[in-house]
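Let me give you the structure first, and then I'll get to my questions.
Chain nomenclature is as follows: A, B, C and D, assigned in order of appearance, with residue numbering initiated at 1 for each chain independently.
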Amino acid sequence: MEIFGIWIASLLTLCIYSFLYRDNPFYRFAEHLFVGISVGYSIVITIHQGFIPLAWNPLSEAMVALGTQIRGEATPETSEALSGLFKIFPIGIGLLFFARLSPRQAWLIRYPIAILIGFNSGIAIPNVLRAAIFEQTHGTLTPFAQMHAGSMSLDDIIGAVFIGIGLICTLIYFFFSVEHQGPVGWLSKIGIAFLMVGFGAAFGNTVMGRVALLIHRTGFLINDWLGTIF
Amino acid sequence: MKKIIKCLMVYLVLCMSISIAFSQGLSPPSNVTAVDTPNDDGRSVTIQWDAAPEDSGISGYQILRRIAGGGLEEIGEMLPAGTTSYVDATIEKGNAYAYIVRAVSDTGATVDSEETAPVKGTGEWFHTGKIPLFVAMLLFSAAILWNIYDARSGKEVFVRRIPGLEAVDEAIGRATEMGRSILYVLGLGGVDNVATIASMTILGQIARRTADYETPLRVPCNDPIVLNVIREMVRTSYLDEGRPDAYNEENIFFLTDSQFAYAAGVDGMMVREKPAAVFLQGQFYAESLLMAETGNSIGAIQIAGTDSEHQLPFFIAACDYTLIGEELYAATAYLSKDPMFLGSLRGQDWGKVVIFAAIVLGVILELSGVGWITSFLQRVR
Amino acid sequence: MKRQGPLALCFLFGIALIFTQFSPHSVSQKLYEEVIDWGLIITPFALVLAVVTLIETHITRVRRRTEHWQYSLVVFVGMAVMVLIGIPFGPQNSIVEWLYNNVQVPMDATMFSLLAFFIASAAYRAFRARTFEATLLLVTAMIVMIGNVPVGDLAWNTVLSWIPLEDGASKARQWILDIPNLASRRGIILGVSLGVISQSIRIILGIERSYLGGGD
Amino acid sequence: MLEKLMNMDRRLIFILVAVVVIIPTLIPIRLPTRVSEPAQKLYDYIEELPPGETIMLAFDYGPSSLAEPEPMAKAVLRHCFNKGVNVIGVTLYANMPTLAHGLMQKIAAENDAIYGEDYIFLGYRPGALQVILGMGNNIASVFETDYSGTAIHEIPMMKNIKNYDQIALLLDLAAGSSTEAWIVYANTRYGLKIAAGVTGVIIAQMYPFLQTGQLVGLMPGYLGATEYEKLLNAPGDGTVGLNTASFVHVLLIGLVLLGNIAFFIHRRREE
């Protein structure tokens, strides 16, 4: 079974690589099979790792507890499980996503979406403000505090000054309320230069990342697949 | 009766331990205070005491507590010497607790401090340590709201020149002259994506210009909902320009929903139709490179724009103009003149001015040895 | 109800979360936990949207007999096999795991590895030093690339051994990442974060409503 | 001629790339590497943890980009198991649980680590943000059971672990923007220490957080995996891969140079 699996995996791998020559039926078959299998897998995972433990289990436990409660055999545990009954509200709102199936009632999905978007926005405001704005500004100033204390090497001093200049110029580049002329124009040009160096670094690293993907697949084909033949 | 015996016992134990301590020269922890921990949910009490001198012979501390009228109980593990505070997070709400700090020497001798006054844990409704964060949040919200309000009242809001946008007319003009089409790619985002919304707005504006020139505007989509929205948008643009006859719904169509197939389809269109201008605006992932490279190889003017930071290097390298991150949002405001976008853009600029000022001022102050901005930022919680 | 209801809920949840971030009281912490619970329960249902959209797309394709419509059937077969075995027996069923390990994982990984080829052809055909900016980007990219792989330092230490700096390639890479890259990224982070916060404010207050979609 | 060179058929380039990857895969070589500061910091942090401490390992990547994070995960798991540091596995990616679970089992078996005592795998729950926040209050409120369905409170390793307060470090193995989410919500909100091992695409984005200390350490892509393997003195997939990658990098640099030379000659002629 394992060798069979390696063979299937290898053949599908080659089907996808055939795309490098040009689009062809093998590639299209593999691609669509992939879409089907992976969506199927996410449905399975979402049901077994999301819906059942988070919604179904507490609710059914609460139902059982309700039964014992009615029969008058309540224990402290059943009354705790009973609180699961309140989950009926979020579950009901979640079920509204199914309104997507009916064109006339589709607007109902706005309710769960609005809650999730309100959630994300509310939690983001104070935390992003602190993590990104305050912490990052603080991080820019700390080296200068050390510099005054005299506990820094020349390299680090140059680095801190560079970071300060680069940050300020980048901020100026992303400043839209003023025309970029004269000194502002010059500073924003320096900002662009810093941005380009940053993007260049990202590009260089991306090459490493993409090459890694290929090496991983080649390693599989050569060591695992050809390994089963030779 | 029981109580009296208990008290007597405690008294005896106390006397004994004090006498032992004195015989060893151990002095009791001084200035012991127990207060309700500030800015918590009411489930802890903070106990503090003075540090003992180094030669005190103390090897550790044990905290003891008593619910009013009850017996003494040991709380937590033995604390190492040098500790001067302890947070008891095991209290129950509604009870008042009194604390004793017991100093322990190497030989196991102990000496107890005086018992503190009983204290209750109460939860606070507002975390006073977060005042700076709270104020900053309010100020920024006010700035955004005021600017949107100001823009709505019809005041002119200035947005700087964005080079990529000036090339839009050039690109459309060239396509018209050459009698070729314009290809507009919206990326892979859904209707809820900020970059996609921005891209749809820009498309609406470009459609106004192509309507005049009757240049074909081809838009392959990968999201059925986005498709419906932009068909509506582009039709409106053509209507507004008085050219509903020039609108061809088949030019805006669904290609496929999967990433690489979409990129392959767009590449195929580029090679076959050889558009004179290619717009790549919106949210992009790894497929960005495939499309930008093909567009480059057919010699089209390419104007890209995305807030997907990781794809920007490829656009910059392979396209003629690229709207970098926030520039995409600014472009939306610039082209659509929507007060909401314009106002927020200026509000965000105000935010940047404040950060800018904090950095410049902070550096100057730090270098002259005044550290209050840095220590203020550090205290923000 | 079609617009006001969702807008009100969005406002309530947003404000509740902001409030609980500033209030340590046990009542507000209980509220905070409850709201997170709601979020956790609602989120799994969102999968319905993606699945319905996908199925609709492929059904339309089959029905209209568009080009390559047969492949849409492959999508359905793949999905059906996974769902019919996976839902009753769970993701730890051996057939599900076999399909995942031998079909899904290798294809996903291979699909992405195509990018290594495309980045190579793009590097050759599109990355030209046309402008000052593009040149700067290219030069930096090359330094980082050579610094990322061990052959960089090896070449430096053999060819440029007369320079009194060991492992110059990886040191140059590290300097670029640590200093100019950091500065520009921080600028981007500050700008983007202001954008995120301002959008969140607009959403909570109901000024930004695009998430409701079109219609009334 | 020049025209032809400038617009070389991309398939020729594809073949070149394939050859340059296949040959070193068949005949592996070893080049010396040095360890950069961010990876060293992460290693030191884990090295200094007393046995019995617990770290969390978040597998926040999909099968599509497993090439880089997988060697990192292997190296860190080996390090932890050998040191007696406990590991809680979790993922925010829906298409990841089977792969992550299998990987943890495999490395545990190699190092005689026991499920439930030395490591556990919690699995996946939808909604990244809610999961991160929910675990900060109470891990059991999000994961009442582990991936296999065992109740969390019955697992010996989890006896004294309620939330992030008892976790020494979260290592996020990321191929997307999950690290930022962990920083903003788990570090800022709950004070959890964060480190990251990221794919090449997002390395550059991590540096501002490294300087402020919001990230304890960083493994940058293949290079990071190689560096960690070197620190452990146990070369693995990362080391082998990075050496192979050397050749492709040299090829790519050569191609870019060639392309630009052709471009300049062409432009000079046009002028």
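Here is the rule we use: a contact is a pair of C-beta atoms (placed from the backbone, for glycine too) under 8 Å apart; a residue touches a chain by one contact, two chains touch by 3 or more.
Here the structure is a predicted model, which means the values were calculated and not measured.
Common partners of subunit B and subunit D, by the touch rule above, are A, C.
Contact with both subunit C and subunit D is made by A, B. Top contact pair of chains, counted by C-beta pairs, is A-C. Rounded to a whole number, the gap between the C-alpha centres of subunit B and subunit C is 16 angstrom.
Computed centre separation for the pair subunit A/subunit C is 5 angstrom, with centres defined by C-alpha atoms. Counting only residues that touch two or more partner chains, subunit B has 130, 133-134, 137, 140, 192, 260, 297, 309-310, 313-314, 316-317, 325-326, 351-352, 355.
Residues of subunit D found to touch two or more other chains are 7, 14, 17, 21, 64-67, 95, 97, 125-126, 129-130, 133, 147, 189, 201, 203-205, 208, 211, 221-223, 245, 248-249, 252.
Residue positions 19-20, 28, 31, 35, 38, 41-42, 45-46, 49-50, 54, 113, 117, 119-120, 123-130, 132-133, 136-140, 163-164, 167, 171, 174, 195-196, 198-203, 205-208, 210-211, 213-214, 216-217 of subunit A are each in touch with at least two other chains. The residues of subunit B lying in touch with subunit D in their complex are 297, 309-310. Listing the residues of subunit D that touch subunit B in their complex gives 7, 201-202, 205. Put simply, subunit A touches subunit C in their complex at residues 1, 5-6, 8-10, 12-13, 16-17, 19-20, 28-51, 54-55, 87, 89-91, 93-98, 100-101, 107, 109-129, 132-133, 136-137, 139-140, 159, 162-167, 169-171, 173-174, 191-208, 210-211, 213-214, 216-217, 220.
Remark: subunit B residues 39-43, 93, 123-127, 130, 133-134, 137, 140-141, 144-145, 148, 191-192, 194, 197, 223-225, 228-229, 232, 254, 257, 260, 286, 289-290, 292-293, 296-297, 307, 309, 313-314, 316-318, 325-326, 329, 340, 344, 347-348, 351-352, 355 touch subunit C in the complex.
Against subunit A, in their complex, subunit C makes its touches with residues 2-3, 5-7, 9-18, 21-22, 35, 37-52, 54, 68, 71-72, 74-83, 86-87, 90-91, 96, 98-117, 119, 123, 133-134, 136-145, 147-149, 173, 175-191, 193-194, 196-197, 199-201, 203-204, 211-213, 215.
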